[in-house]
Amino acid sequence: MTAVLEVTNIRKSFGGIAAVNGVSFDVQEGEILGLIGPNGCGKSTLFNCILGQLSPSAGEVKVDGKVVTGMRPSELNGLGVSRTFQLLQVFPKLSVRENLILAGQEHQGNMLSRLLGPSDAGLTEAANQMIGFFKLDHLANEPAGGLSYGQQKLLDAAMAFMGGPRLVLLDEPAGGVNLTMLADLKDRLRAINQEKRATFVVIEHNMEFVMSLCTRVMVMAEGKVLAMGRPDEVRANPAVIEAYLGH
Amino acid sequence: MTAAKTLKIGLGIVVIAALIIVPMNFNRYGLFILSQWAVMTIAAMGLNLTLGYAGQVSLAQGAFVGIGAYTAAIMTSNGLPLIGALGVAIVLCFAIGWILGYPALRVQHHYLAFVTLAFSTLAFLVFRNEDWLTKGIYGISNIPRPEIFGYPTRRPLPFYYVCLGSLALVSLAVWWLIRSPWGRAFIALRENPVRALSLGIDTRRYTLMAFAIGSALGGVAGTLYAPLTQYVDPVPFHLSLSLDLLMMVIVGGSGFFFGPFLGAMIAVLLPEWLRFTQGYYLMLYAIAVIGLLIYSPTGILGILDRFISERRTKAASAQRAVAKAKLEVTP
Amino acid sequence: MKPVFLASALLATVLTGAAIAQAGAPIKLANVAELSGGGATVGTNWKNGIDLAIEEINSKGGVLGRKLEVTHADSQSNPGVARAQVQKALDAEPYVLLGPGYSGSVKVTAPLAAEAGIAQIMGGEAAELTTAGNKFLFRTSFGQQSSMPKVAKYINDELKAKSVAIVWVNNDFGKGGRDSISKEFAKYNIKVAADLSTEAGQADFAADVSKIKAAAPDAVFVYVNEEESARILKELKRQGVTVPLVGETTLVGQKVVELAGDAANGARGHVGLTTDAPVELIKAFRDKFVKKYNYVPDHNGLKGWLAIYMIKATTEKMGKVDSKGFADALHGFTITAAKEPGILMDATFDANGDIDRQGFLVEIVEGKQVVKQVLPKLGN
Amino acid sequence: MSNLLDLLIAGLATGAIYAIVAVGFTLLWQTSQTINFAQGEFVMLPAFLMLAVMHAGAPFWLAILIGIALSLLLLGLGFKMLLVDPMLRHGVLPLAIATMALAIGIKEAAKQFWSAEASPFPSIIPGGDITIFGRVVALQSIGVLVLAILAVLGLTTLLNRTSIGHQMQAAAQNPTVARIIGVPVERMILLTFLINAFLVALASLLITPIYLAKFSNGEVLGQAAFIAAIVGGFNQVRGAIAGGLLIGVVDNLSAAYVSTQYRAAVPLVLLIAIILFRPQGMLGRPEERTV
């Protein structure tokens, strides 16, 4: 197995307070790594540092062995890294299909071909497949803003897969999604993981979801890695129980 | 749906035909106003691209019209063809627009308004002070009108067709652009730059492109403005033209393809409509704009759009209810 | 849906605009002036002068028994709009076209009036307007090419100045004056010690005056609008500049005296057309104007008034309302105040459309204009 | 060298007025994200209100009082209730554009209802000159400078030393938290609009004797105030003051030492440089951009 993502000693502080304080880990190809921890433990900040939304105060990020620290999010996306955000981030005025085409178009051709080529960048078929895959068929032409919260959440996730990414970082994909859809979502993620050999890092508060989906789980507390291991190992770890699970 | 589409296409054809045929009987004033409308629409379309689609405020569009107009005036009065001037103006405005876009990468939208405002005033000062090039405050007069395929357009009607034809070409190009992946990227840039970036959209490049292309269209409008009025001086390209163009875009409906057409029509014809109010028309215009913005910040087409989408939502939810009912019935 | 609504409204509007028919009795005049924008003060004065004159003429029975009627259009101080409005005015076939006041707007509209064969009486003062051979364009005031030589001659002969600082407002009025006088100075070998452009509406002249002081000229030529004249006069006094200050109507007008107070004393200038001219008819005009509009007009108000009386006198000379013959009748025509009091002072129009009439050299002494010299008409 | 002193004093006097206008501008931005493109017209208008009152026969002092009261009513309360409140939810840009339209409206109204002609305006400061350190200085300049400094000192005292001032600052910096701790945020926002209206009325009173009452006065003033506010720091009162004084001085110095034709360009270049290299302004706090 090769490491798709290697994170070494990432630090990020805001005005003297370290939100992420020396985190290192790696993710192997095909893994689904769960990232859990109490609110404010630095999960999302870590994501933002990995993905170039924030520049880390120290540390290094490698994707497929290549140093990507300080790269812009768009460049990283070009290398096959995509993400979702904690809050919904679909484009409400565009239709579902347009949202998906948008999510994939920068992976097709170059600037010139995107200007002079077909309006859909040749992605209508791929978008329709993705729509079918996430069971959004009847909504393909609706503006995304008109969808229910759960449907938008699915679309949001679907958008992250349009570019055919190697590595996807999902920030609370299950938040606010109802039970039926949750099962659906888990299903889809697992399917993509297996069929397309895509690697995932998932931040999630829904323990059931994490523990049943992920191959490995990393627990963060106060900006540091508290524990790392298989779901059952983590669940049994006394420090974790103390800090997080122990209610 | 298809009936509506046929209707739309039919109406479009009628309008285009009317724009070609009806003005044949117009007097010189009517033709001049229509030509002016076409030219201003082109400039406003450029700004609509920058502001309406890509969400970048520019108070410098008037300056680009000025750059285009001076390019045309200087080149054609030295015997060079207008088409050459058009090329130079596009390249020049594109390049300057690109550079002017850089602040947009660093600062928030209201600062951007001030940078472009400053640029606009600086451009005016250059037009006025660099006599050797622009003939300063006296301006350049007797600008010739072009020959198109050997056919002179000195008379108002042929020149109107030049303006109309240019508008048609620009409209097609802009329509193509906003339907292309670029247009989608511009909208993404406006709606949610952070998300756009995470989807691989190089927001820097698209921001600069939006500025540069919008500015270049300002230049295109300018190259038509010069032979239209046949006289160019610095005064019309002061900040007020930029503000006027901005209002055209906003009043018509920013981010709507037909917004600039409507906005320019209102701005160009408004003095006519409000003629009976004598000196009060600008005051009434101001009040009307404020009222409109309070009611609908996305302009006149925004009202229409809201109306249509409300109806559509109603229809859709009705449909959904029907579908749901069916689902519940079938075991 | 949208485009149709758009275009039909557009076309309908233009059509109604175009369909203004020509009616019978009144003589139709069209005025296009700077009623808003940077030139609003100029244009409003001009318009008020026109309205006042027409009101007076109509109350006395009109011209050849026909009333005068004028339409006003706003050029927004923008040559492009001016062109559109003039085009529109011409399409309605007026008897005579009035305005605009800005030289740039005149330049862009004069060819249209000439092409239509309609006389245009305008307010622009730039020298080049009447040198282009346009047979339909008429001035209402001295062009700079006729006033500046007189000023330069005065500076050379009377003040014996060898170096002069020029302060001008950077618009077509100021630049035109500056260019004309610089040419004249060159003829007399007068050195331009400082060449200072100022902005219209400028409030703070400290920097400009300190530059004048540094240049130490024998005289200062000031060619800015009335308000700015008052401000710079104050600043010149404050910084202790004592050399003669010379200008035009805009430096020595009553308005400047009111605004500048003491600081205006000693300023001198050539006055071609002013509401302060020591002429009874002009004083009467001024009173009438103040009574109606509540403020003292500047020379643009006077120009608008004169334009209407030029039309009256010329039409009465022809004995008919003949648009085509108007320009020919006005060329070479001398209108005397004795015969037509509305013209205020005898005036002759030459073949270029330039006006010739008496002028004055005045100096402000203790807040009053004192005529130092009467400059006769050139033609006498 | 002696020249320089003249220029500095004149520049500071003009700059002090820019500063007053710029302060009001930044207050509106801080409390309600209003970029008031009509700020220059706001300065132009009160003088006309006062003139109108005098025209009706009132003495100057009464006209000043009524003028200020009318400004508070129209430019403070009216502006907030009729334009800002309904527009605010639409975001910064539509509101900014609405104020551009308002600027046109006010300008045209002054022209139509009063006159396109400049009218003289009495000065509350006696005319004439005094000699300080051997330099002749206009009393007007000194008076304007002193009054402007007093106004600004009064305002900073209000903001920093009084409980109302602290509440206003809280409302500006974080309305949500302010509301929780019991600050009447709405009232505080209204208060900033009233303060702005008072400041523009004061600026109007100080500057109109020099500029003369004219409908177009706002164009120059408004732009100078924007530049001052940004150069100094858009989110800081003291930044706006420093910016105002700086722009006044820079304008004069550039006219004297750079070029009279391009005097207007120097502050603009300064503006662009500041925005590019120090967007928070000389004294401002940085506002992070999220991309």
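Every chain is named by a letter (A, B, C and D) in the order it is written, and numbering of its residues begins at 1.
Note that a contact is a pair of C-beta atoms (placed from the backbone, for glycine too) under 8 Å apart; a residue touches a chain by one contact, two chains touch by 3 or more.
On a predicted model such as this, the values are computed, not experimentally measured, just so you know.
Within the contact network of the assembly, the step distance from chain A to chain D comes to 2.
On a Cα centroid basis, the chain most remote from chain C in this structure is A. The mean-CA centres of chain B and chain C are about 37 angstrom from one another, to the nearest whole unit.
For the pair chain A and chain C, the distance between C-alpha centroids works out to 73 Å.
Distance from the chain B centre to the chain D centre is 33 Å, each centre being the mean of its Cα atoms. Inter-chain centre distance (chain A to chain B, centres taken as mean C-alpha positions): 40 Å.
For chain B, residues that reach two or more other chains under the stated contact definition are 128-129, 194, 197, 203, 279, 282.
Multi-chain contact residues of chain C (touching two or more other chains): 36, 38, 170. Contact of a single residue of chain D with at least two other chains is seen at positions 108, 111, 261, 264.
Chain pairs recorded as touching, per the definition above, are A-B, B-C, B-D, C-D. Residues of chain C touching chain B in their complex: 1-4, 6-11, 13-15, 17-18, 35-38, 72, 74, 76-80, 83-84, 87-88, 90-91, 102-104, 107-108, 111-112, 126, 128, 170-172, 175-176. On the chain B side of its complex with chain D, the touching residues are 57, 102-103, 106-111, 113-115, 117-119, 121-122, 125, 128-129, 193-194, 197, 203, 243, 246-247, 250, 279-280, 282-283, 285-287, 289-290, 293-294, 297. Looking at the complex, you find that chain B touches chain C at residues 7-8, 11-12, 14-15, 18-19, 22-23, 26-30, 32-34, 36-37, 128-129, 136-139, 141, 225, 228-231, 233, 235-236, 240, 258, 261-262, 265, 269, 271-273, 278-279, 281-282, 301, 304. Residue ranges on chain C touching chain D, taken from their complex, read 36, 38, 40-41, 43-45, 170, 196-199, 201, 203-204, 206-208, 210-211, 213-214, 226-227, 231, 234, 238-240, 258-259, 261, 293-295. Listed in rising order, the residues of chain A touching chain B in the complex are 51, 53, 72-75, 77-78, 82-83, 85, 89, 91-94, 98, 101-103, 105-108, 111, 114-117, 119, 121, 142-143, 146, 159, 162-163.
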